[in-house]
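Letters A, B and C mark the chains in the order given here, with residues in each chain numbered from 1 onward.
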Amino acid sequence: MEFLKLVDILGTVAFSISGVIAAMDKRLDMFGIFIIAFVTAMGGGTLRDILIGDTPVGWMHDPVYGVIVFISVVIGIVATSVIKRLQKTLLLFDSLGLGFFTILGLEKGLALGLDPAICIALGTITGCFGGVTRDIALNTIPLIFQKEIYATACIFGGVLYFLLLKTGLPVVPMNLICIAAIVIIRLVAVRYNWSLPNIYGKPKT
Amino acid sequence: MEFLKLVDILGTVAFSISGVIAAMDKRLDMFGIFIIAFVTAMGGGTLRDILIGDTPVGWMHDPVYGVIVFISVVIGIVATSVIKRLQKTLLLFDSLGLGFFTILGLEKGLALGLDPAICIALGTITGCFGGVTRDIALNTIPLIFQKEIYATACIFGGVLYFLLLKTGLPVVPMNLICIAAIVIIRLVAVRYNWSLPNIYGKPKT
Amino acid sequence: MEFLKLVDILGTVAFSISGVIAAMDKRLDMFGIFIIAFVTAMGGGTLRDILIGDTPVGWMHDPVYGVIVFISVVIGIVATSVIKRLQKTLLLFDSLGLGFFTILGLEKGLALGLDPAICIALGTITGCFGGVTRDIALNTIPLIFQKEIYATACIFGGVLYFLLLKTGLPVVPMNLICIAAIVIIRLVAVRYNWSLPNIYGKPKT
């Protein structure tokens, strides 16, 4: 479980930094950058907890998450150029976070006895909604609705989870396999620039 | 009650398809279209449940809503041109949904012993907030804040409900009368292009 | 406590009117203006209650808040030019509201036994999130993320609260001191056009 704790932290850092970069692109002040970073990292889990009524929501029980976001913001502001050179590392952390947050959300739904499809939706919300909130707060149409397969990776990982659940595999290896599947789909998708099939006749001009 | 179940489904289809059309206008990918359709159809009830603390929120108890939205999205994407020719039918379904969702929300408030004004607000939120979320997620100012009388129909229907409540009418006919009132106001408003009185000196240019 | 009740009302009026002005700038209709005013005045407390699970949320227990917003909207629409001449008075009311709502939110967190940092965050959310929702619904990047020190005043007031808590001061004078601190920081910041330090090399052009 130590490993999963580390993945949680690395994911939070990567999500926060994606918020910092987006907020600095819009030239927000330091407070705005912190809020956008916080929302990017915590928004998915917060919406999940609100939807299932698990309140006070997660980050309220442990100020350490706010501290991780704060440190990420400071690093992001002070070392912007370093951050930009570490894009590949950040993508890996971001993908690890995506996988971890998705499975965490899915298992919260499972513990409530919700339908598998709803559990997968909860996992996907946990993994993806932070970025959606970031984009809405920054007054842009969420990237994920336009050309990412971010959410598709979560859904695949979630379906795999329920397939593996029938095999009776213990929970820790099952978690690791599903997180790995999400990470791999995400990385391959970025590498080969995968997106969902185009349903529009001609390209947007 | 079979009739009300049908109205629920028709309303969900109509709300979903209004989401599909708005999302395709912004050229979102398939995932984005589904999410916008889902949010349009489920957003009002979801906000209502969150505000009153009835969690896990409604759609989490029954995956059938997700299935209805999904089928609506497939129809909307595959048969876009057919959909556009069915505008009058969709407007009728949309109005039925508006009426049904409003009364459903109002009665949830009533069951909690909330003040009539708050119950009417809850009903209006249930009927209207899905479209508001759709517009915010698509980066436009909600249509309903600008020139629709959508919400006004809900408020009239809600006031009528509390007037009829004093007559001791049984609940099913009362529901049907209030839903019908909302549908009629909505349809007449669209037909005659009604809007709230203009409070600005000169027209927006 | 009579005084705090008055501050609550004045703050609600000032927040509502800031919503009316922003909504009229975007030429919304009367319904849109009311919703934006309501969201500006009630959005912070609503998000706070949702995050901590204190539902039905605050304004649902007492229709008087809706009435105060409604009256503010009528005044704002009918007497727009008067309102614009009263900017200094409104700024004072707005600052009083900011202080009061912040301390109210902080104390709600304290009653739940949350960590001081989380309580300060809750207070800041209560004071500031209404304006954030207003700006997002009106399709602009929240002002507070760009050049205000609005939130900074709340955070200072919250820190002061926890410092005073150790002195054993009774709750009413402690509340008044913290609210006064927030009001003064806010007014001085507006007067001298304070903002957070610029972290970008050259000004935005």
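In this text, a residue touches a chain if its C-beta (ideal position, glycine included) is under 8 Å from a C-beta of that chain, and two chains touch if they have at least 3 such contacts.
Just so we're clear, the structure is a prediction, and the values are computed from it rather than from any experiment.
Peer 1: Specify, for the interface formed by the sequence copies subunit A and subunit B, whether it is same or different in terms of residue numbers shared by both sides, with half as the dividing line.
Peer 2: Different, since under half the interface numbering is common to both chains.
Peer 1: Once subunit A is fitted to subunit C on CA atoms, what angle does the rotation have, in steps of 5 degrees?
Peer 2: When the C-alpha atoms are superposed, subunit A turns by 120 degrees onto subunit C.
Peer 1: Could you please state the distance in Å, as a whole number, between where the Cα atoms of subunit A are centred and where those of subunit B are centred?
Peer 2: Distance between chain centres, rounded to whole Å: 30 Å.
Peer 1: Could you list the positions in subunit C whose residues touch two or more of the other chains?
Peer 2: Answer for subunit C, listing residues that touch two or more other chains: 50, 53, 136, 139.
Peer 1: What does subunit A use to touch subunit B in their complex?
Peer 2: Subunit A residues touching subunit B: 50-53, 109, 112, 114-115, 117-118, 121-122, 132, 136, 139-142, 144-147, 149, 151-152, 195-200, 204.
Peer 1: Which residues of subunit C touch subunit B in their complex?
Peer 2: 23-24, 26-33, 35-36, 46, 50, 53, 55-57, 59-60, 62-63, 66, 77, 136-139
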